[in-house]
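Listed below are the structures to be examined.
Across the two complexes that follow, chain A remains constant while its partner is chain B and subsequently chain C.
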Partner chain A sequence: MSVRERADLVQPDESAEPDEAAGWTAAVRRRLVRELPPDTMLPDTQPRYVASWIYVFGVLTLAAFLVVLGSGAVLAIQGPSWWHTSDIGHFFNSLHLWSVELFMAFMVIHLWGKFFMAAWRGRRALTWITGAVAFLGSIGTAFTGYLAQQNLDSQWIAVQSKDALNAVGIGAYFSPMNFGQMLMWHIVLLPAFVGILVVLHILMVRRRGVVPPLPLRDRPAQAGAEAEPGTVSEAGQEAEAETEEQP
Partner chain B sequence: MSAVAQGALAAAVDLNGPGHYLNWGVIQISAANLVIIGVMIVVFVLALLLPFPKGRGRR
Partner chain C sequence: MSRRSRAAEPDPYSFGSRPYDLVKEFTVALVAVLALSIALAAVFSSPDKRPVTIATWAKADSADFTATALAELDGTSGTAQYGPPYNNASEGQKLGPVGLANLVGVTKPIDTAQDFVIRPLLSAAQTAIVSSAVARYATASGAQQSTWTGNYSNALDKANGDPAKIAAGDYGPVPTMLTALLAQARAGSLDGQLLTESGAFYQTDYTLPLLFLADGSYLADLAGQDHLAGTQWGMMNETGNYPGQAWLWLYTFWYQISPYNNSDNGDALVWGTMAVLSLAFVFLPFIPGLRSIPRYIPVYRLIWREHYRELRARGGT
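So, the complex of A and B:
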């Protein structure tokens, strides 16, 4: 049974007292249970078509993101004098850099896979949009990270990008040559922005289910019907109906 | 790591010199970035083609 089908099966228990409590907390509770049912949020099965390497890159991106956040937190706690001068500091500095490299590479491969799969099908437009905006936010975070390196590279990038941002009229508000401002963007604002979007993205993936693969070109003709745009195709529903236990 | 192995690795991946760039009209890209993009495309194609292992409990 697919994630979506199971979500549809989540019905209020007839024998239980209806939740009619007043107040905003009760209203929020009802809304959360309705919009994000626990069975859908933490499923123990996935559709059969998810057993493909191309579906692995989303969770690889998430794993790399957690390493980025963890190594970044250690760097923030210890400070530049530590990461520039000690062996362990160099190690965490490198760990932060290489986890970002993997994060961006995995995210781009995930993006390619979802683009060619038309992953916005089946009321998944917001899932696609949050992912795309998180990708743009990640580019901004990586850019401010380059500026925080405190070496010749970062000075070069700061001066060049300052010219570019001045040319588009935002250099006074977002100044790459202002190290303190860029560091705050890098370690507070942009990680919070990307982190919130990633959480929303995952919640929406859980709510709508993983997008099924596109049907083969001759499948709808065999089934005698063309899939409606924006809906899960017949072949997709068929694939979604075949589920399997997670390892 | 032995000195010989370190020397061989340093010769294969020398990060201390200036980068190598490729030019094609108005397009300029570093060899390192081009290699990364190539590896990503290879990984993407392999992810589509390689069979996914069947774990225990899978039907």
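So, the complex of A and C:
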């Protein structure tokens, strides 16, 4: 069953009243149902080729992101200085630190996995782009977090990084020595930016489905063998080679 | 993208399907990651080395503090000579012919003599001697000020930075001012004065005290002891034996090699390089050649080995 066929499952059947309501709300509803059908968003089957541990790192990244957000939210309750004076606060800071380390590690493995799958194929370029920008945004979020620690490390990172930011004019508006500004970026702007990208990324993954395997090219197709999806005939190999990795 | 290449991409479910419980997988992953994070936090904790204050600096290394304050007063410190966005003492770095910092200009004006020395002295209750010294310095000509600070700087060098061992000379009011500033710093009042110079009660901008600290060598020495210096892969490290921002390895890498580590425009060059690499990373799907690399590194054969095994068993390629 194709992704489109699965999406069609949730279209109104003949016995149901067609959704012909007027207005912006109805139009948005129809668009959402068409573009993001629930059966595709929350599938109970997956393609057979999704059978490797590398696929786990996507969901592990998402899980770690939620632990990062949760531990950060606990630290926010009593403010940025709490963890320096409270054992419980220090524990939640440790939880925040280690979940960030896991988040970045899982994301990098996920990224390399998708790279080696050439996962941008089949109209999935925007999925790659949202993931890549989310990765860069996560680096910025972690950087501002280190600046918001209020300890020797954050002092040193602030005075070191100012030179790089000032060198290209960014420091005029984004100052690592301005604790209040860095804290706001760390707990509001950048998490929102990364969070929105993560949501878009996941919606795109569900909408397009998991990228199919690359065709093998080391052996010629056996005579008489039925053509399988994902295989490339010898005659077609050369012509396809230039376009296969295209998004 | 050609229509042909789109058409060549098979539908994921045309390969067959298997049962899958997405919500269960996510729940298990969340519980596992939470448990692992808690275990790591409980076992390894997290570093928290106390920050340096102006007071701890002045107490621990008064010679460095005095030399730095003198450099702020005579305009020879790193901040005084910085350029945009703090002043116009230099042009700032360039990326090729473009000086981005200079284009943006001075947005956070800092006069090191006034902001780090004279204004803090004037804002505190002083003896008549100190008040008179500040007034004498402030009303002297620039040439006279330079003579006093230059003489005192040379004398400090000869005395290994110890003001108590300085020989008599024409230093004007400079020693009196710097001695008073050192006393304020040791008492802890200079920390607060540098934070409230803008006149605001509530504020969160630590630019002035951090720049003052950074102009001295005390903070850099402490950072070096904790392998945080730029030549030690700097910012990607963390104090103690903890993983820092390992994901900054590529950015930090450029600072270790030529021409980045010996260029006056090193920071701008690193940013330019990283901007190009970041754009290539984001738009990789559209870059011929780079997007074909996965085909030539057979990791995909490992990822989809079961799929290929099934294909072979069924007589496919």
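Rule of thumb we're sticking to: the second predicted complex is superposed on the first by the 206 of 247 C-alpha atoms of A that agree within 3 Å, B and C clash if a C-alpha of one lies under 4 Å from a C-alpha of the other, contacts with A are read in each partner's own complex, and residues count from 1 in each chain.
Definition applied: a residue touches a chain if its C-beta (ideal position, glycine included) is under 8 Å from a C-beta of that chain, and two chains touch if they have at least 3 such contacts.
The structure presented is a predicted model; accordingly, all values stated were derived computationally and were not measured.
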Touched partner set for A:I109, first chain B, second chain C, both or neither: first
Touching partner for A:D163 - first (chain B), second (chain C), both, neither: second
Touching partner for A:T40 - first (chain B), second (chain C), both, neither: neither
Per-residue contact with chain A, leading partner among chain C and chain B: C
First, second, both or neither for A:S52, with chain B first and chain C second: both
Touching partner for A:T144 - first (chain B), second (chain C), both, neither: neither
Chain A residues contacted in one complex by chain B, in the other by chain C: 51-52, 54, 56, 108, 113, 244-247
List of chain A residues in touch with chain B within their complex: 51-54, 56-57, 105, 108-109, 112-113, 244-247
List of chain A residues in touch with chain C within their complex: 1-6, 42-52, 54, 56, 59-60, 62-64, 66-67, 71, 83-84, 90-91, 93-95, 97-99, 101-102, 104, 108, 113, 115-118, 120-125, 128-129, 132-133, 136, 139, 142-143, 146, 149-161, 163-164, 166-169, 171-173, 175, 177-181, 183, 209-222, 225-226, 228-232, 240, 243-247
In the complex with chain A, residue positions of chain B that touch it: 36, 40, 43-44, 46-48, 50, 52, 54-59
Sites on chain C touched by chain A in the complex: 1-2, 4-6, 8-23, 25-26, 29-30, 32-34, 36-38, 40-42, 44-52, 82, 84-85, 92-93, 95, 100-101, 103-105, 107-108, 203-207, 210-211, 213-214, 219, 222-223, 226, 228, 230, 234-235, 238-239, 242-248, 265, 267-268, 270-272, 278, 281-286, 291-295, 297, 299-308, 310-311, 314-317
